[in-house]
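Next, two complexes with subunit A in common: one pairs it with subunit B, the other with subunit C.
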Partner chain A sequence: MQSFTRRFSPPFLLLLPAFVIIAAVILIPLVFSLYTSFTNYRLVQPASLWQWVGLRNYQRIFSDIDFWWAFGRTVVFLTIALNLELVLGLGIALLIDRITTGQRVIRTIMMFPMMFSPILVGFQFKYIFNDNVGLINNAIQSLGWSNVTIPWLVNGWTANFAILTAEVWMSTPVFAILLLAGLMAMPRDPIEAAKVDGCNSWQVFRHITLPFLLPFIYIAMAIRSLDVARAYDMVKIMTNGGPAGRTELLWTLLARVGYQDARMGMANAMSYVSILLSIYFTYYFFRKLATARASLGSMA
Partner chain B sequence: METPLQRFLIRLGVFVVMVVICVPGLWVVMTAFRDNVEVMARPPVWIPQAWTLDNFRSIFGLSATQQGIPVASYFVNSVIIAVTSTVLAVLIGMAGGYAFARYNFRFKKASFLTLMLSRTVPGISLSLPVFMIWSRIGLIDTDFGVILVYLALNIPFTIWLIDGFFRQIPHELSEAAKIDGCTAWQAFWKIEFPLAKSGVASAGIFAFLTSWNEFALASQLTRTTASKTLPVGLMDFTAQFTVDWTGMCAMAVIIIVPALVLTFIVQKHLIAGLTFGGVKG
Partner chain C sequence: MTIARGFKAALFSCAALCALAIPAHAEDTQYDWGKFPGYTLKVKLIGGTQYEKLYTRIPEWEKATGAKVEIVSSKNHFELDREIKQDIASGAITWCVGSNHTSFAPQYGDLYIDLSKVIPATTLAEFVPGTLKSAEVDGRLVQLPRVTDVSNLYYQKELYENADNQKKYKEKFGVDLAPPKTFDEFKQQIIFFAAPPNLYGTAFAGKDEGMTGRFMEIVRANGGDMFDEKWNPIFNSQAGIDALQWFVDIYNAKAVPAGTVNYTWDDIGQAFAAGTLAVDLDWPGWAAFFNDPKSSKVAGKIGLAVAPVGTAGKRGGWSGSHSFSVTEACDNKEAAVSFITFLTDYESEMMEARAGNLPTRTKAFADVVEEFKKNNNTYMADMFSTWEQSLAEARTPPLVPQWIEVSNVIWPELQAAIVGQKTPKEALDTAAGKAKQIMEDAGVLK
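The block that comes next holds the complex of A and B.
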């Protein structure tokens, strides 16, 4: 009887629906996916699901130069995007913090990009960077700077720049809003005291504002790291990995291998690499968040 | 304190930021109400000469130039899928969040970690095995199949937010209510739930936005008008060699307006939900 009540304790019952769904939709499929990554499964040949090939898929992808390009590009893309979003978001938060009138309206406007679907943001920037009808080329021509039509999404470098712009446009406001909330919650006394003691603005920022904001920075990073893979949607609609694979990220590559080439076994092996990458990003920021929270707790 | 020059520079900076945030969206909205000829014109026409609703008429199949893209049924699918998965995710998330906030149990940390890590799996990576399994058990191209997946996407974040909110409510409140004769169930709904309402509201909004905007999974799990959602439908316009810019912009407006309206209704809960659910949680 005692073991019965322990097994069906209230928290167990309360969490049961959540875990049943997570198990059915995420854990079991992931186990299946792991198994598939060791087979030669192709969508067009159902029998190949039982063809065990051991580590061959992993060996192939790790010796494939296209995979490493996509992997490297993904890591570089995420690193640049997250840092840029943080720096810009911090700058914007500091600016808005010093404005006294109309702050509410400004904060409301800043929430605008958060509501956009990533696929919509991708479309929006595909349109803006379009060589014939795009806003940017139109502006360049109307201002008389140049008469050439710049093929933004056709050149490898500019296409990556356009995708990065879309990503930064979408996520910077999240950082700005969260950091602004942090700035507004900050006690003013330490700043006044530091100024009286002769600190300049940079010293105040570096030694008082920034440490206080740290947990907010990590919350923003942690929330953001949960869905880094949404860059897939943007790349999909903007360039679909082109030109000539120059904007291919890990996610677009694995979708191509899985659905277009129907090589599910190989695609699942790649998807495991992408899952580990995501878990690494999230784990890193949640660890940082926990540390920052602990230090904030000891301050308060 | 601030010199007039500094004040001017700050205002200028904020103004530039606002322009950068607003212009892309406004440009799309403006195009949605313009004539295709005007959009393609060389040199570019900046100020719209004539506003028109033709683009909306044509994507809903009401004009002579039939588009053949069933936007109306995509819209219905989107509403059904997003609303159902949001409501269920909030209910399940509330139960789970309450369990984490109020009880100590074995494997508490491990189960929380499992939930959070399950959220980090990229949609497109998850779509591969889900696609294989769903097609075997006949869930491909059904609303139910998509709802189930979105539920799993939304539950972890919902639990995380709601957990943070319940933790801020002192335990003693519901104990006092119980001493006064409330059952545990009554104490929850009458005392604790009203206090955690803004957390629940913001969790609901985030769940809705995730479901309404999701593309990677839906693009593989849906096929026809039976379950295709608006974000997937947007790709219909690029299937040809020429992109139908005005049609796509009209579709974009249809996708963004419901999300916008809903978010503004509960916006005051949103920021509080994000920051305080996270910091103190």
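The block that comes next holds the complex of A and C.
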């Protein structure tokens, strides 16, 4: 034991448990799932774990138009959702920052949507957008705006809009709360100095508040881009990727292939292709974060 | 004296009645469920209101055998199926009894034991023969059926009895308005009754296996099938194209809710109970719900009719059974078999039947109809008689492990045709191509 501790430095020994745990819960599953993506592994046939099929799963993915539609749709969904959440979250944060009394109450109310499970949000919006008994169609008809029943969850555009609405409703508070934290941590002197120098509100926001908030924005973006897969539950309940694949996102497709069809080898291959998407988004936001920090440093 | 003679006669009659009653009662309770004191039987059972009533009998079995039942999982069937697949993958089969279904069973390989080797033939003979046969996979009885499902028509009687409707229908089609006998007539009536947004002709399950199953019914009723004898997909035949066209026509006519392509069973059942559907091809489990004034606006106003036939003059009834299975890995198979036999015995089956489910024991089928008639519940008695007629022609989906996977490539294509993204032929050819690849990969295609 003594020779063991003598051979390895204390920092290494102290970090060892962390390495072991990370290897057990992240590294090994990652390597294992990468291996299975080259096999014909089916959940219900454990022996198929050893059926090596080489690049067959990947070749099929590259010629599978449905996969690429789901991939493209996910990219568009992520881009629109994140930007909308940012704009709305920023707006809410700026408004709440101005409140002098009752700010705590408003902050708590703002976080309500985050407290719901995505499954419940899915059911809630499925009901709101239901073509037959839904809240929106009933409101439109009761107000006499139209007698036509709008099939919100059927038409490709409106179905994606409905899902996007649910996602934005659920996740905007995440942006709002992170950006509000940024606003509250912001020094007031530069703003006051700018106002004394005659800057209008827009100029103050554009040249002082926004640059200061950029690191917070990119951190929020990076977190949300990885976290947005939580929307799986919601999409599963609202449309399950349908009708006719019109709302199919990578997550619904992967779950169907992996668990319902039990083709875990193929699902893992799809995951490895789509992981590129996560890596790209994370890399992009972290690069932006570094730039924002650097420019903030030069400002100081 | 007269009083004493009367008392004696009453006493004698009572004794005679008791003597008659005791053996009948004894016959049901005499069954020896075995003794397993101190043993804990781990089970994974399907959850949900309509399934859980049966589980109230579990304490009876526990009392009779001395064993305890631990329900380690209780979920809807799709989630349970996912969990079981994960158990197989991880090799963690630490439970003995699982809820099963004829559509799911072929996927599980050798997870479950062959019950025909452990349950006496006399007991098995008490089950409806066709239902028991459908419970086999590769000649092995891997599940003991609990309730059977097949769909028939529920319709709003008032719409059919309305003089104005009768007159208009006769003028338009030259025949009297009566529940449809063929799918063509069914389509005609769906479109005739539709007056959206308050009333639609019908609604159909538009996604998952529900969509594939409804399509399969009409394909078979039209004389086609899903696969040929070599497991080549043949649902893109003319019978299949006509079947899909049926859905496209009622959808294009706006005679079904536009959102029906996202509907599952609950959405349809709730819509019929809300009175927004004229006719509903649906499962027996809804019968009591539809006729209960607390849950349904159409209670007391429902007619029942046997499902229509297709162009081949056949009924393509899609049937399946909920069931129980015993795992190979079980450490006390005797207790597990005793438990599932108990949950499907005569008393259990009567309990299921009283709730409106189709029992799997022949005797329970006849007895529950008698019981409903005796209680003047003609609606439920009619339901059982109507549903029994369609059971003879009903068939399960293809009993191959790849069925759910094949279904998952079919229904999105059916949806694509229904919402006008593809023609029925294009959609079915694409689905057949994908299904063929699945069967080839599995080495099933001969």
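Structure notes:
The rule is short, and it goes like this: the second predicted complex is superposed on the first by the 249 of 300 C-alpha atoms of A that agree within 3 Å, B and C clash if a C-alpha of one lies under 4 Å from a C-alpha of the other, contacts with A are read in each partner's own complex, and residues count from 1 in each chain.
What we mean here is this: a contact is a pair of C-beta atoms (placed from the backbone, for glycine too) under 8 Å apart; a residue touches a chain by one contact, two chains touch by 3 or more.
Not measured: the values here are computed from a predicted model.
When the two complexes are overlaid on their common chain A, residue A:226 makes contact with subunit B while staying clear of subunit C. More residues of subunit A are touched by B (comparison of subunit B with subunit C).
Of the two partner chains placed around the shared chain by superposition, subunit C is the only one that A:45 touches, whereas subunit B remains out of contact.
Using the contact criterion defined above for the overlaid structures, shared-chain residue A:36 touches subunit B, although it does not reach subunit C.
Once the two complexes are overlaid on the shared chain, A:153 sits against subunit C while remaining clear of subunit B. Look at A:132: by the touch rule set out above, it reaches both subunit B and subunit C. Within the superposed three-chain model, A:260 lies in touch with subunit C and out of touch with subunit B [touch as defined at top]. In the superposed model, A:186 lies in contact with neither subunit B nor subunit C.
Look at A:75: by the touch rule set out above, it reaches neither subunit B nor subunit C. By the touch criterion stated above, A:244 is placed in contact with subunit C alone, subunit B being left untouched. Residues 130, 132-133, 141, 259, 264 of subunit A contact both subunit B in one complex and subunit C in the other. Of all the residues in subunit C, the ones that touch subunit A in their complex are 78, 81-82, 85-86, 88-89, 91, 107-109, 196-197, 200, 206-208, 257-259, 261-262, 271, 274, 276, 401, 404-405, 408, 412-413, 415-416, 418-419, 421, 441. Interface residues of subunit A facing subunit B in the complex, by the touch rule stated above, are 9-12, 14-15, 17-19, 21-22, 24-30, 32-33, 36, 92, 95-96, 98-99, 106-120, 123-125, 127-128, 130, 132-133, 135, 138, 141-142, 169, 173, 177-178, 181-182, 185, 215-216, 219, 222-223, 225-226, 228-230, 232-233, 236-237, 251, 254-255, 258-259, 264, 267-268, 271-272, 274-275, 278-279, 281-283, 286, 289, 293, 296. Every residue of subunit A that touches subunit C in the complex is listed here, in rising order: 40, 43-46, 130-133, 137, 141, 147, 149, 151-154, 238-246, 256, 259-264.
Listing the residues of subunit B that touch subunit A in their complex gives 2, 10-11, 13-14, 17-18, 20-25, 27-28, 31, 39-40, 43-44, 46, 92-93, 95-96, 98-100, 102-103, 105, 108, 111, 114-130, 132-133, 148-149, 151-152, 155-157, 159, 209, 212-216, 219-220, 231, 234-235, 238, 245, 248-249, 252, 255-256, 259-260, 263-264, 267, 270-271, 274-275, 278-279.
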